[in-house]
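Each of the two complexes below includes chain A, the first together with chain B, the second together with chain C.
Right, the complex of A and B next:
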């Protein structure tokens, strides 16, 4: 009697009023759908929504009439105005989802009939889907199943023509429907032709909160990033993962110093890339980059083979054509041993030597001394590193505020800083001493996840270092932070900071079991990103071509899609047809097992044969089991036709049938 | 209770040889408070069976031989003017008893038949404005010759429907017939059956039949049978709701006779030939047994 029971001919009038149980289900599932959004709704919207739901519940419970139109219309108008004031628009992702949720809650206040409930149910499905615009993680996807199941059960309940439906039957039918949907979901997911880019334009405000490296470096902005455990990107290496000291992920390269912060060169893409000579073996890897709303792609120093569609700037920063707004997967190949930009043109030399004409007198004096005494640029570099190494410099996430002459203040007074301070003052000293220098920002290191053998790079791995130009050697990477705190570069930020409490909990070494749990979870998420969210047109065609052994185009996909859907529906029909009018009564299920057992031994029960007839025939063929047959027939009859059968009898029947060995 | 039933059956079987299934059916019909019609050729032991049953059940027993000139008053009774007391005095007819044996019921005219059938339905007699209740228990065992015999007025379907069950006796098998012949058969040569129950005991049994549990699953099966009989092109007309009730009661009685306190599909299957046979008419005109077994084989037990 499952699904059939709802449809057995009774007319389903849409005007009928659903009962209290149906309202419970509706409110709970709507509440779950709303709960998906609570974190990004303003408090007043959430409060109003749950106020309406509570109000609706009380009205029904006390059998009161719904509020009149002249109450609802002003509330609606105020709601729309409130959204307008909060978001300054009715459109865009945040505003329209809030509006939808609010209007749905208001719709509750005039929903009394089946028709209204159906509308609310389907709108509730839509509200549930919009949660994907905000969060596409695995957990969010799993949580989404709750309102979907709830709404389905609500719709099942109100479609029941014989009064109120039992909770069990309702849940079972809804569960069956969802389970039957799974194969269709899989078929559609795998075979529905993907188009490059999102199916419809996601509103602009969807990207507002993406974080990552910025295109300039002011004191403090990298240390701010270091507090974030958010994932920047994940890397799967083809071979072994290189040593941590080699993992410099190249991001924006900064040329201009204004006395306080460093900035990019605006003309960096107009010139041909600096020439590059590589030796030794390449490292091949695949990066899954979290969206950061900037054009650059992070790659290992120094990239050689570029992802499709990407291009290098003059200083070998790799750029995509468009800002990265969805999770992006690209393959790359890099050479740890390289010689970059042996020829330095005049413009670049001039840029790499320019410092503000005033300020920081003590540093300029020091640099001038080095220039006079040492001559050789390499010795100047060493002198600066020596300075950081020998004096009492401290690596800390919470440096004191610096005065107007920030470089002087840092080198001669506070001596406490983060990678950006070291990189910045080092580059300044070099430029003052006549050695061309620039700042490279990016990420350093990363954490190897032993589950799945890939590298997790977080925002807290953000780093800044310097490159100096030496004759005969070109641009050479110098990381002054390594001089102060070698462990930062060798084993990551958590070991470099004496007081790790400032770091995000996941970057701390204190709780090994927590980290282990976390790493497992991250591996699951990585799989989700790679295979579910990252399943784009390219991967789809690749996968299907590999499976089928031929090149697949989208026309094939459509044919396959139709074919497999038709096949699935056919199978389902066959299954339902074969099952016919059989009931799902547990006693019947057990008894049918017994009949199948007998049928395997040549005793085929006719449909019109009762338990006693079967027992008689079975006993004739297997006289040694006559007692068991009689017992089974008796138990079955008293369970199915008797007045007071209990669970014990049922258990006995199950066991007797299990024990029966013919 | 069960042993009483067994004893009734064995006592009856001692007189009606080799006919235990029919005896069981007849007893089920009586326990289900129904009237019984025994249909067969003359000389098959119809009257003996009804007589023996009444004896074994310890009931008061009247026999009426139906003929074409039998009038309703001959069964129900008449009021005769009493000169001494100067008023009409009612002389109760043979119907005022526990068991009325209506022998060869289809030889009477329709008028007389319907008078009898009215009494069967109502359980009381209304004459000249006075209603007189019949004793309890009351049931009729009617015998009839197959319709095509000369000088018969076949009972119409509507009146056949009043009989809860209709059974055929059939020829005895060789062994039973030999025993019969050895004993010189007949009603005189054998010992009189002894009663093993009285009217109060029978009423208690009838009461117990009503307490037999009927589950929803069984009703599903019963309804499936009724629905099939109505929808199938095999039958002229389907089973009536009264036939459904009859099946239910007889299945309960059968379950009681088996010593169970709930009825199962096999109970319905056992009583169905007796209950439904005379109510079903096949298009092809095949026998009662064929109609019943066709119905039983066609409907699956849900």
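Right, the complex of A and C next:
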């Protein structure tokens, strides 16, 4: 035990409160976490949050006391009331996130201790994750690193209780922690058993932003959708991509007409699916469907092999068990050549012929004329298509408003409409003329992305067409829009509209370079969606089964997870617990070379031996070099302990050691 | 096995900590390795785990892939932080210096020396002695940190320090690594000097105590002693000093006349402690004035001297005086 107290170097550092540097880090990282939310917070919430942050900064800078409780409590209450007024609730997704952010900013106003900072840091992590409720794009994912790194650096500084850490050290340690955490993140992401959500009900507004087809077709529904560039789904085909006019993506089938809009049949799932006969080759494809909060899955007309867990309604609308609330990937197989529902039962015939007993007299009259003159239903279909083709019908996204007898008004007056108008009036005329008819909504066409060879189908590709039932042929697809505007069906909506400015920019034909850029970006996003966002239980098991060559189940997954985590942590331990690099001064480096040279010839210097001991032993063994050994020992010692040693001495030592030939 | 540690430490072993062997201290000096280090999540660590759990359930419920990414990244970071925290305290060589003697009423200072043996910088290493304040410090690679652990010295005698807890939560504060340490090093506590201003009894009872030397060879050369600060330059033996063996001061018989005997039995005071305090004060005063003094205690006699060693011997005898 050493004796004699030498207290000169003794430290007496006590824990102190976080300093200005710590506050800078806290404010910056909190600000970054808040910035993720700015786009969906009401302006007053954002303004208030940044006001609080500025206030806190000024208080610290001028070393002023934190505001008293009687100032903070009313502000808190006003904040809660403000949220309540803005969102009409405190518990929805949007309201609770805004509330959390606001309360965090308020907590800042009373945070002075290290413990407060830690709580704020953890809450900051949580605030960061809530941003993904609104946006999970690639960019959001990249941006997430900023607040997380900032908060981590703040916490590193906080766990250094006796002072303010240097910026460099703080950033280096935070960076190391995160970098070394990334492999664990990857292992967990790939192997952590995914449980399909949701575990409990999610707030009403959680899916409010999802768009897509609805279960009815009121005038204006689809043209609204057409203004959206949002992606409905993407399709990867196994073989060639079929011609555009074959790409009818079947969605909701509508039976009931109430004089204005069309609605689904509520009993559609209670009856067996209509009889389906297929001929020719199947088209195989995989759809990645964006969530739309409805049950239906979009599939190419007409699907035969269904995704797991999906089932067909009577009219071959494909339904999932639950509303699609997450991006979903499914495989499908469809036949373009088919015969559907050769036998029409009475209930279906009655449904497919029913029209309101009043209204639209001129259309009824026209239909009755056709029924009298033409005996064959096929002729009636053609007569209607002729009507659309020959008269001055115009395909437009901005049709005029229709009166009470909407079908009459459209056919005989305005003659300007969108696919929903044509499908609706066509089906009406058919029913009035005694030909069973129904409306099918879905998407038509899509855009081929040459980068990655897949089809992008957007909301602007939403479409409505009709199916008529003909004896011997069953339900036959008739697209009256094609009669008016063949290019809509052959080459997409952008070429069908004379004035494309109403369309979203990505659906327009101009700006080719922008489109090209966009298509590349979309290909990246597609990969992101497929592999990161769409990585669910099914994909997880698929991927691992493919990698391992055997079927992987849940238990295997846990074993793999434990195994790879243990392996990585072991590696990390080896890396972290290794001895740090010994930093040798140049003299030592040169001298070590000498010792190695001696060691090769049997003279191993012990750690306790000084330069002179080594010299003595070496001289005993190699008396012919005694002078050289003595010189080296002298030079080394004068370099180490002498006051007058300089660069020359060092150079001489190096040369003497180099010259030494044993 | 007989516990080599004082009772205060053995008492710590009781309870659940003792059963888990968590409280069993390790004896300084030692090198901290796997066997001497304990690690558990700190309170913040448990809080972090709860936040992560909330993030995980949220990610499952809303099927947030990026939520999983963030949750797993933070979980990975937590695991890595555990290793970093452990590494921060491992492979440290712990030693403790013998503390300098102190007076009752002052603080005893136990200098704890912590040396890195792994060529790594250490940050925010904390040490706490019993329930005194926690001290923090950093250690450069291969360097040493000395923390002056303070313990209030309440009464005279040997002050035996209790458990020392060496710990760190760096770099994230999510985990706490610690090592309970014990030392056999102890601090000598001299009696507390009185505040009363009784004069030194220069010519008190000529019986046995307080007796001055009878011989009065005025200005007779008596010998040399090592120079002490405050000695008159005229008394320095320059001839002897020039032999490069140190500075010497000439001593004369006249000084011996002021030679002073202190005796416990003749010291005024209500009880033993009070008298010891009084003696302590007198010894301090005499020492400060470079007076020669002797000390008589029951069973012990310290012949007159005015050296530093004598001073401490006397005080030590007072500190360790058995109460009858």
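We take it that the second predicted complex is superposed on the first by the 532 of 662 C-alpha atoms of A that agree within 3 Å, B and C clash if a C-alpha of one lies under 4 Å from a C-alpha of the other, contacts with A are read in each partner's own complex, and residues count from 1 in each chain.
By definition in this document, contacts are C-beta pairs under 8 Å (C-beta built on N, C-alpha and C of every residue); 3 or more make two chains touch, one makes a residue touch a chain.
Keep in mind that this is a model prediction, so the values were computed, not measured.
J.: Looking at A:612 after the superposition, I want to know if it touches chain B, chain C, both of them or none. Which is it: first, second, both, neither?
T.: first
J.: A:160 contacts which: chain B (first), chain C (second), both, neither?
T.: In the superposition, A:160 contacts chain C only.
J.: Tell me which partner A:637 touches in the superposition: chain B (first), chain C (second), both or neither.
T.: first
J.: Name the chain, either chain B or chain C, that contacts more residues of chain A.
T.: More residues of chain A are touched by C.
J.: In the overlaid three-chain picture, which partner chain does A:133 touch, first (chain B) or second (chain C), both, or neither?
T.: In the superposition, A:133 touches chain C alone.
J.: Intersection of chain A residues contacting chain B with those contacting chain C?
T.: Correct list for chain A: 581, 583.
J.: Would you pull the chain C residues touching chain A in the complex into a rising list?
T.: These residues of chain C touch chain A: 29, 44, 47-48, 51, 54-55, 57-81, 83-84, 87, 90, 95-100, 109, 111, 113, 118-120, 123-124, 126, 133-137, 141, 144-148, 169-173, 185.
J.: Where on chain B does chain A make contact in their complex?
T.: 213, 215, 217-218, 260-266, 269, 296-302
J.: Taking the touch rule as given, give the residues of chain A at its contact with chain C in the complex, in rising order.
T.: Interface residues on chain A, with respect to chain C: 1-7, 9-15, 115, 118-119, 122-123, 125-126, 128-130, 132-133, 136, 140-141, 144, 148, 152, 155-156, 158-162, 165, 169, 173, 176-178, 180-185, 188-189, 192, 194-200, 202, 206, 325-326, 532-536, 569, 572-573, 576-577, 579-583.
J.: Which of the residues in chain A come into contact with chain B in the complex?
T.: 581, 583, 606-613, 637-638, 640-643
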